[in-house]
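Notes for the one structure printed next.
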């Protein structure tokens, strides 16, 4: 159940830039991989805030005539991964509200672990909610702060929240960027002429032509007002716990986050995997496209040739009619087709970045086997996932994680992996180990959250808190909105 | 400025009806004349609330596949007159929120005179707002009530508001209908089999095939839960002040409101007008279509024949390109065309229900004169409008009311009317008097609000209250939302 | 079956007018009552022809950005009544084709009686067709003419067709307007500054601000090229047979066609009806809105007061969900609601312009009777319709015409009318007679086609010609087209 | 100019398959890379043909409710590369017409060299055209054939056309597939249960789950009627001239065409390139994605590692707002971003499948150089393109081909390549030779058309034929169509 509230997202902000909406649009475009379900932009011309939000890809939400509705030189934008139902607009960010100080907009990437509790407490005090999003909780907290300055109210509010949050929030004149003390999610500062830019990843800075300045540090609050940029560290300091899964899967390979090139880290993950789990084979191939760097790293380390055994259909859209329910493996088939002559009769090292449920991996393996490959050696460039994430990665309930379910009846790692190997139907299967994964990052291993692999959550987890049953009905509504 | 916040609306609710959304859709269809800018429906299946809202006519907002998104047997709907900008969805009702008791939906017809003040006070206590609507103020008040029962919380909240409100509000199991103590706006109860129906006007009951039961009384609260229907009168009793303008212009002639047939009252207005301001002429015609009943009444009383000198284009849509800005009177021309042979050379009594700005009347008169009519005797079936409405009729700022602006330099009624006559360019001009208007209703004259004609506002008016300047920026944002 | 191919349409053309598409748009707007299913505009800038067509009302087909696709100073436009299936674009006019002389566009109002035969003959010679429209037949004939001049080729082609046609056709420099020798359908010439305008009715000339010049005469060909306007009468002269049904129902009352004001003719039809079929009653009312003039005429002649017993919902759209199939008379109910207090206990003369199937009339009568009217005296301002039209009016197959089906078992007019009276459930029923109808026009009675009333078709009817069965499949396809 | 009429397309047909439209939809989905501008499907249920066409991707043209408009068990579909202007629907295929035998639908992949001449001749005989497409020419020819049987008429017609054509055409009961005698374009036959399937490439057979049977042979006509499948070779036999560019760029790598795996041929092109133009470097990378196989082949042959220096944005849509015209290289930047740490300081072999204009290549090289690569060795896996294609590949006019323009002032191949190298700004540049290219296919080198590389057109080229100037105006019209 809790998993439904999780999300992966991308955020982008800009201050002091003419035609800010156009640049935010571009920035969101570059962050599209972080969220394909919804997008929104809010801007201020110094007086008035304007906004547009919608369900779908950035391109669909913002055709020129709709982008033109948003105006100003200060602005923030958001792409969103997961909404409840295809057309639910309530949770699409940034949120735009008014409170006693005037208008406020806010968007965030991450997930609060005490969001439900805060919402419960706020409702007890008479607060009303239009969404189920943590963002609205944060705006309520800001609106209830006694602080007079915007940045002080934001800090005051964020001291009450726990969990993962990279936030951009603004009023008509100020923009504030915050990264939580653990620094779970990435957040960059860039500079584009006189404008200050914020983005989840550097690939967005690249596209708008901004120089990379530095990452917002864990626990840092950056406040911009006019020509003044100030930095604060108002939260209690803790050891950073950056999300290792950003390196494994989420971020785009051409980005640098947590001080490292994502592409290089992924290649190193592949290299470590090749050291730990070498195998004699004809070539190395990837489950495209996210596993490409790891597969290249494996190939380079092992000396085996790299090849491409799958061809992607680049035109796969978001909706697809399945003409015949009896047709098996269709969801994968529409996206990938094996290149038969490449794989036939071959011994293949198939590199994947991670296995979550295992169902897609099994379908992919079946497709290859139908092409009469000789051997498949499945290599996973991360350890087995045994836990849900409470900090913003959209992992399902752990009962749906193959490594967790298989672990219930097994005594040790070897048994689990053997069970998964049989389920997948491959000749050999190997995962990366946690130490090898952390080594591959080239960073201090203590600075990462690896809870999904080892159960070590940096914060208390929300299962301690039980929400009254009646309360749940509060979320049981679905609102759709239409505009002509 | 304040005028911008005003609105005329229609509301419809149903309880205990299978496929409630379909019937609400029909009800809103019949109430379309009360609001063409937006529409929304919220329903409950007893557990979950679902909703859809949009900008445009009922037909456009609810194509079958969108209507199908709303489900349940309890529901409320709303048509809205005025939104700020063509595509602003924030203020489209019903509002759907959650608070500590669970989900709540609310829609209203009318306007609060202390809405701004309440909003200011709520914001001082940390409330955040997504809209500029009074409805959201009311939901905040309900959410902050200490009462445990839904109906008690609604009553508690409504005791704090002042002004005009016919309200429908619901949670997942209960529906509450309220009419303010003055009874400014109409609200009917009907019965359709086992279902209870609420509607602004009887024409909506007719279309859904519901029997007319009675009007919700001024100050009455009707609460439905399961099979129980209870009625309360929790507010301090006052002399009713029903809106006379509902009879003059707003309501559909086939409706009965405030105990009278709108059609009959309008005809009587025309009869009174004929008594007060008779004239020798060839025939009586109306400014179509709202003035038809008054013109018929005038004709019947005067013994003059009734004729139709204008032909309406029934296909006029909401948007229209003016191909040449130099073309005068175009807005009217697209809707009405004189039937030249009918009017040419004739002495005409032209009956209008009311004159607001006078600009449209002047254009219509010019069109007739170009057809070489001999005489035009303009007869207005209501008194001169000299004040804005604060209770929900969308009259403009009084500086734009022709009777008000002309009155500034005039000593008496005669002079004002003569000035307007010259502005319009007609041979004679006569208005109905306030006593004759009240007499035409056949009701107790004390039971009507006639503030727009005589400045006697039943409640203190909001000009006493000045909102801090900074506050205004809170409304200076515009949010549009899109759904695929 | 043949009835399916019939249509009523409106056409509009303009020559030598800057921004021609905007003015054609306006002209079509005024002709919207002649066809609500589709609209199209073709224009030439002297070199290139551009076009846009679509399914729906003029307003829906031509939002500003789509109207902007069409450019030029010469142009023609069309509104269309009937298409086969809601979204069939193939038959929407004007047609735009190319042939050996270059591009050609053509639209027409009317129906050819030898269209099927010509199509068959053309196909035998290798012609291919994209539509089932007579317009395409005419373009084929023009393309196959040996004449070198455009106007000569048009005349050459039209000499081969038989039936009703008011046509506008153009190439990149010339515009030709033609009215068939019988003059079945109206066609006007107007002048707007230096521009020449053509329109089916004068109401379109009014809206674009054009002066009425004269009607194109039956059998006349008007050719415009540059500053030259020439008129030809190339067809064999016959006695005109103008469509009497244009007066009864089709044309807008504010138009003048066939030399007479439609409004005045309709009133005279009502007056004649009152003379033939007087009755003692409380008042006269119309089946709104097309019967209004006839009802006014009846009232004026009879001395009875005119009243409005039905209120129209002006927002009825083209699609409507019937929420419950058991609900009777719903299609009418959504459009009309009786004003109960007006009709209750009254003896009513209910005037209708015509009865086709009788089903709608029966529903309307039932609605009134439920309001407890005392007596209904149904008066029809035209004779009984006993035949289908082959010249462009969309009457159904005669087996669906109530007067035809009732006539099968009856010996005389009285018996037929009595049977219809019982079917409708009214107290008395009277139709106008053919002589009285013709007298009401004030024109030479021999100059009208009254085939639908008396079976006297001015041309041989197509039942003489049987199309080979195999051929039929040629029309059995449905093509829809989409544009992003 | 002539180049504008060229096109690349994909076709798919199915016979005897329940829910044929769904499967055609899937087939077109798999062929989307062959045409992204428009799509259409025509089906027959044995009696009636239904169709839907639109501008855009398959997914956009065929949402479920529009796909549902097409019905039947016989059908053909088409994806189209190039239309004249974004919204021009006239040329979207399949065309659906009727002629004396009944309805006919036709779609084709390829380009006729005598299409203009045939159109001119047909127009001289009175034919009218709605499009500028060769398909319409072919339907005219079929309609004018004296043959009684559908397949005979198709053969009769196709004997008159010259050029490239893979065609699917159908009436309500029969389907005919034809490949021109030279076999320029691919066309496959597959079998799916009892259904016969036709597709441009095997990747479409794979997706619908059809078995590969064989390719339609050059000059073969396959006729299906009921359970009978017949094959004819009615055309004069010639040496096949299959399009080598299908191997180089057009076809999907997972397809087999002309008897060979596209992926394997591309890898072999890369291998040959490595043999001809080896270079010492750190790694080999591709201009993604079409050059991947050639780059892999180069890497495997050379023994250099393969790496990925560019990251693709998979969400790039068809339209994109350029926020600042001063931003250089934007069109490429939005699609590709270098992985900086991968390329920095490296000596790179950059493999491209072909160079057409050279402008994009130059932008890509600049992007890499800004990342401070040490050396770029550009390797092109095909020879220099010096001529336009007249057989269906959308190459521009040769004046825009970099190899042609550079050749004008050069004496030999070396000089040309050196000039291009300087233009691109790379350290070394090498192209594949024609013999090496042909060798890489593993087929008889005489069986390919290599006209774009060596000027040896298999047919007379259309420059011999000059179309009369007046004629051109025939194409100068643009028609858009809309459906609600």
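We call the chains A, B, C and D, going by the order they appear; numbering starts again at 1 in every chain.
Criterion: a contact is a pair of C-beta atoms (placed from the backbone, for glycine too) under 8 Å apart; a residue touches a chain by one contact, two chains touch by 3 or more.
It should be emphasised that the depicted structure is a prediction, and the values quoted were computed from it without experimental measurement.
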item: Set of chains whose contacts include both chain D and chain C; value: none
item: Chain B and chain D, separation of their C-alpha mean positions in angstrom; value: 61
item: Chain A and chain D: spacing of chain centres that average the CA atoms, whole Å; value: 38
item: Contacts with two or more other chains, residues of chain C listed in rising order; value: 60
item: All pairs of touching chains, each written as two labels joined by a dash; value: A-B, A-D, B-C, C-D
item: Footprint of chain B on chain C - complex, ascending; value: 19, 22-23, 25-26, 29-30, 32-33, 36, 57-60, 63-64, 67, 203, 206-207, 209, 252-254, 256, 261, 263-264, 289, 292-293, 296, 299-300, 305-308, 311-315, 317, 319-321, 323-324, 327, 333-334, 337-342
item: In the complex with chain C, residue positions of chain D that touch it; value: 47-56, 60-61, 66, 69, 86-87, 89, 92, 96-104, 120, 123-130, 139-140, 143-145, 172, 470-471, 473-484
